[in-house]
Amino acid sequence: MESVVDIVLLSFLCITVVAIVYIRKLFCAIMLLGIFSLLSASLFVTMDAVDVAFTEAAVGTGISSILLLSALALTHTREQRPPHQPYIALLVVVVTGAVLIYGTMDLPRFGDPNSPIHRHVAVRYIADSPHEVGPPNIVTSVLASYRGYDTLGETVVIFTAGIALVGLLGFRRRQEFKVRLYQPMDKKTSYAENSTEDGDEFEDNIKLPGANHMVLRIVGKMFIPLILLFALYVQFHGDYGPGGGFQAGVIFASGIILYALIFDVETAMRVITPKGLRLLAVAGVFIYGGVGLVCMFLGGNFLDYNVLSAHPLHGQHLGIFLIELGVGINVFAIMVIMFYTFANRKRGSV
Amino acid sequence: MDLNIFGNILDILTALFLTAGCFLGISGGIGLYRLPDFFTRQHASGITDSACSFAILFALMLQSGFTMVTIKLFFILIFLIITSTTATHALAKTALFKGQKPLLGREDNH
Amino acid sequence: MSWVGHYNYWVAIFLMMSGFYVVISRGNLIKKLIGLNVFSTSVFLLYISMGKIFGGTAPIINEHSQKFQLFSNPIPHVLILTAIVVGVATTAVGLALTVRINERYGTIEEDEIRAKDDSL
Amino acid sequence: MSHLPILQVIIPLLAAPLCIVFNNRRIAWFVALCATWASFGVSLLIAQQVLQSGALSYDIGGWPAPWGIDYYVDSLNAFVLLIVTGISALALPYANRSVEQEIDPRSQPYFYSLLLVCLAGLLGISITGDAFNMYVFLELSSLSSYALIGMGPRRRALTAAYQYLVMGTIGATFILIGIGLLYSLTGSLNIQDISYQLHANNIIGSGNRTLLTAFAFITVGLSLKLALFPLHLWLPNAYTYAPSVITIFLASTATKVAIYMLLRFCYCVVGSESIFQLTLGQIVLLPSLAAIIVSSVVAIFQYDIKRMLAYSSIAQIGYITLGLSMSNHSGLSAAILHMFNHALMKGLLFMTMGAVSYSVGSVYLTDFRGLGRRMPFTMGAFIVGGLSLMGIPMTAGFVSKWMLVQAAIELGWWDVVILILIGSLLAVIYIWRVVETAYFNPLLELEEEEIGEAPLSLLIPMWLMVIANIYFGINSAIPVEFAQQAATLLLGGM
C-alpha cells in the first residue's frame, strides 16, 4: 500500500516537472513549483519524514512561492525562447544522470531495514535519545542536541539571507514612493484620522483596482490571530510532534505577510517595523549562540545542555526550549524582512 | 455484536463519503480543464476546494473515533471551509475588477 | 533483480536532472532559480528515500508508535531540514540579485544582458 | 578542556549579528576588526598547540564524534586557519577607507556583517570533522560571498554574483549528493568515521560503484567551488567586479578552503593506498596544466588589470592542483605551501589594485600611465607581488614553485617541469605590461587633477603583506614545516 501511494505521487512529480521544463509563463512555472513542493511534501509524509514534510510545505509552497511571485511582480512575467540549442545542456544532464544511476547500483534497496545507514549512528539515536535528551520526537533531539551545531549554522544561514537582502535591496525605495503617494491623501484627512484602514483603502485603490475586499479583510482579521496561535503551538509542541522553531517562525511570519497582503505593506510596516525585525533577528541568533556560550561558562562544551541544570535531562529540556525559541524568533523576523524588501520596492529601473 | 454493526455502518458511511469526495475531486479537475472561461473554472475548483475536501475530511473523522485526531480534523475542516470560499471569492472579485467578463450563454462562433 | 527496488532513487534522479537541465539551458534568471529549486528539492527526495524503512513509522516515540517498534532513520530528516533552509536562503538571495539586475539592465534574459554589457 | 577550536568559529559567527545592531558603519567596522583580530589570535594559539602536542579535537554539545559534530584540528587545517584569519586580519584595516568609497553607506553595516559570516563559514569548513557540517558552512560562506560580490560598485557585479550563485549552488548540491551517497554507504557523517567504516567493511577495495559516484560528485562540486580549469567560468567576473576588499579576501581564502576540502575528502576518507588517488591524480593533472597555460595566456590579453589577476589566480590554482595530482610527499607539500604563498601574493596584488582604484577610480591598463611616480609605494608593492607571482628567488612564490619543480623532477615528469617554467614566463609577460605602463609610459599632459598616493590605512596592510612576501621568501622554515607535516599526515592515512 505504501508503495502504491509512493508511485502515484512520484508520477505526479514527474508530470509537474516536465510541465515546469516546458512552460514559458513564469507565473505558471512558479505555481507549478509550488505544486511540486506540495507533492514532495506529501511524499515525505509517506516516507515518514513528517518534520521535513511540514517544513517543505511551509517553505517550498509558502515562502518560496511568495518570494518568487514578489520578485516576478518587479520584473518580467514571460520567458523568452532560448536562443541557443540546448543540446550541450542535454548532454551534460544525461551524462550526470547516467553517472548517478550507475552510482545507485550498489546502494541498498529502497526501504531495506538492513542497510548500513540504519545500523550505525541512527541506532543510538532511536534507542537512547529518550533517556539522553528527552523529547519524544527523535528528529527534535537530533536536530537540537546531537547535531545542534548544524542548526546554529542553519539559523545563521537564514540570518545571512536576510541581511543579504537588506544589503542588496534595502528598505529605502518606498520612502521615495511614499512621499508621492501621501500627497493626495491630505484631502482625505478626515477619513484617515478616523481609521487608518479606511485611509489605506484609498491607497489600495490607486495601486490595485479591486483591493477593497471586505470579505477578505474580515476573514483575514478572524484568521490572523488563529494563525499566530497555531504558530505558537507548533513552536512549543515541537518536542512531541512534528514542528519546532523553524516551522513556527515561518507560520508566524506568514500570518504577518497575510496581514501585509490584505491591508497594506505600509500598514504592516508601521505595526512591525523593519528596525524591530532587525533587532529580533539579531536576538534570535544571540539566544542560540548565548545558550552555547552559557554552557561553556558552566563548564561544559559549546551547546552541551547537560550543564544547564542540576539534572542533565532538565538541562537538555531547557536548552532545547531556548534554542528552538531563538530559531523561531530569528526565522520569523527574517522571513518578514525578506517579504518587506521585495514588497517595498517599486517596479522599474533606478 | 452491536458495536460491530455500528462499526460496519461507520465503514459504509466512510466509503460513501470517500467515494463522493473522490468523485467531486475528479469532476472538479475535469471542470478546471474543460470549462470555457475563468468564472466557470473557478466554480469547478471551488467544488474541489470545499465539497470534496469536506466529504473526505468527514470520512476520515468517522474513522478516527473520539480522539485528538478527530478534533484536529474538525479544525482543519472549519479552516478549509472558510479560507477556500474566501479565496474563491477574492479571486473572482479581482478577476471582475481586472476586466474579466463572465461568458454568458454559448459563444456563436463555436 | 535487486535493482528494481531502486525505482524511488531513479525517479528522484530524473527529477534532479530535469531541474539541472532547466538551470543550465534556460536564459531567464527567474526560470533558472525555479530549476535550482527543483534540483535541490529532488536531492531532498533522494536523502529521505535513503532513510525510509518499509513498515517503519515516523521517528516520534509515543503511544501510537510504540506498537511499530520500527522507526525510519531520523538523520536524513535532520539534514534535509537544514538543507531546505539553505535552499530558501539561496533562492531569496538569487531573487534579490535578479531584481537588482532588472533595475540596472531592464531585462532578466541572459543573452540580452550580455548584449548590453558588450555594447558598452 | 580547551575551547579554542570552537572559539575560532564562534567569535566571527556571533560578531556578525552584533555588526547590525546599531546600524552604524563605524561601530560595525570596529566590531568586525576586533572579531577578525581575535580569531587570528585564536588561530595562532591553535597552531602553536597543534605543533606542540598534535591534533586537537572538540566535541560540540558534549556528544562524542560519530553521534555529535566534532571539531578536529591537525597541522593541515591549522595551517589553513592561519591563512584565512591572517588574510582577514590584514583585510579589515584595509577595508575601512576602501569600503567607505565603494559601498552605499546605508549598506555598510550589512557589508561587514556578511564579511564576518563569510569568514566564519570558511573557518567552519576548515575546522570541522563532520561532512554535513562542512556543507552547512560551505553554504554559509558562499551565500554571504554572493551578496558581497553583488554589492560591488559596477552593475556587472550583479550579473557576476548571479552567475556565481548559480554555479556555486550547483557545486554545493553536487557536494550534497556526494555526501549523501557516502552516508548511505557508511551510516556516518563524521569524516574519520566514514573512512574507518569504508575500510572496516571492505568497501574501498571492492570497486564499489556508489563510492566511485560519490567521489565523482564531490570532486566535480569542489572543482566548481575552487575554479578548476574548465569549471572556472564564474571566477574572472566575480573577482573583477566585487568590491576591492572582497576580491582580496575571496581570492586569497575561498579557493584555498575549497582545495582544503578536496584534500580532506580525497586523502582522509579514502586513504592514500587505494586506487582512487591514482584516478584523482589523472583527472586533475590535465585540467591543472591547461589552467596554467591557457589562463596565463588569456591573462596577457586583459586590459582590466583586476581581471588579468583573476585569470592569473586560475593559473595559480592550477599549480596547486598540479601538486595535488602528483600525490607524492613533495608534490603535496608544494601544493599546501603554494596555498599559503598564493594567498600572500594575490592578497598583496589585489590590495594594490584596491589602492589604485581608490585613487584613480579604475584599474584599466591605460590608467596606470605614470603611476610609478604618482603612487610610488603602491606600485612598489605591486612589483614585489609581481615578482613573487613569477617565482623570483627571495620572494615567497619562489619557494613553493621550486618545491613543485623538484617534485616533478622526482617523478621524472620533465614535460611538466617545462610547462611550469613556461607558466612563469607568461607571468613575467603579463606583470611586465603593467610595470612598463606604470614606469616607462609618459604621463598624459591633459590630466589636470592630481592623483596622489593612497591613504595610509591602505598602505600599511599592503606593506605588511610585502614584508610577509619577502620574509617567507627568505626564511620559509615555518610554512615549509607546516606543509611537510600536513603532507605526511595526508599520506599516512588518517
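Order as written gives the chain letters A, B, C and D; numbering starts at 1 within each chain.
Convention: contacts are C-beta pairs under 8 Å (C-beta built on N, C-alpha and C of every residue); 3 or more make two chains touch, one makes a residue touch a chain.
These figures come from a predicted structure and were not determined experimentally.
More C-beta pairs touch across one of A-B and C-D than the other; that pair is C-D. Here the CA centre of subunit C is 28 Å from the CA centre of subunit D.
Centre-to-centre, using mean CA coordinates, subunit A is 32 Å away from subunit D. Centre-to-centre spacing of subunit A and subunit C amounts to 14 Å, using the average Cα coordinate of each chain. Among the residues of subunit C, those in touch with two or more other chains are 16, 20, 50, 75-76, 79, 82, 86, 89-90, 93, 96-98, 100, 104. Among the residues of subunit D, those touching two or more other chains are numbered 132, 136, 139, 143, 146-147, 150, 177, 183-184, 189.
The residues of subunit A that reach two or more other chains are 100, 104-105, 107, 115, 117-118, 121-122, 125, 147, 150, 153-154, 157, 160-161, 164, 168, listed in rising order.
Pairwise chain contacts present here: A-B, A-C, A-D, C-D [touch as defined]. Residues 2, 6-7, 10, 13-14, 17-18, 20-21, 26, 29-30, 33, 36-37, 40, 43-44, 47-52, 55-56, 59-60, 63-64, 67-68, 71-72, 74-76, 79-80, 82-83, 86, 89-90, 92-94, 96-97, 100-101, 104-105, 107, 109-113, 115, 117-118, 121-122, 125-126, 130, 136-139, 142-143, 147, 150-151, 153-154, 157-158, 160-161, 164-165, 168-169, 240-242, 246, 338, 341-342, 345, 348-350 of subunit A touch subunit C in their complex. The part of subunit D that touches subunit A in the complex is made up of residues 1, 3, 6, 10, 13-14, 16-18, 20-21, 23, 58-63, 66-69, 104, 106-107, 110-111, 113-114, 117, 120, 124, 132-133, 136-137, 139-140, 143-144, 146-147, 150-151, 177, 181, 183-189, 197, 201, 208-214, 216-217. For subunit B in complex with subunit A, the residues that touch the partner chain are 79, 82-83, 86, 89-90, 93-94, 96-98. Residues of subunit C touching subunit D in their complex: 16, 20, 23, 29, 32, 36, 39-40, 43, 46-47, 50, 75-76, 79, 82-83, 86, 89-90, 93-94, 96-98, 100-101, 104-105, 113, 117. Chain contact summary for the complex, subunit D toward subunit C: residues 132, 135-136, 139, 143, 146-147, 150, 155-156, 158-159, 161-162, 165-166, 169-170, 173, 176-177, 180, 183-184, 189.
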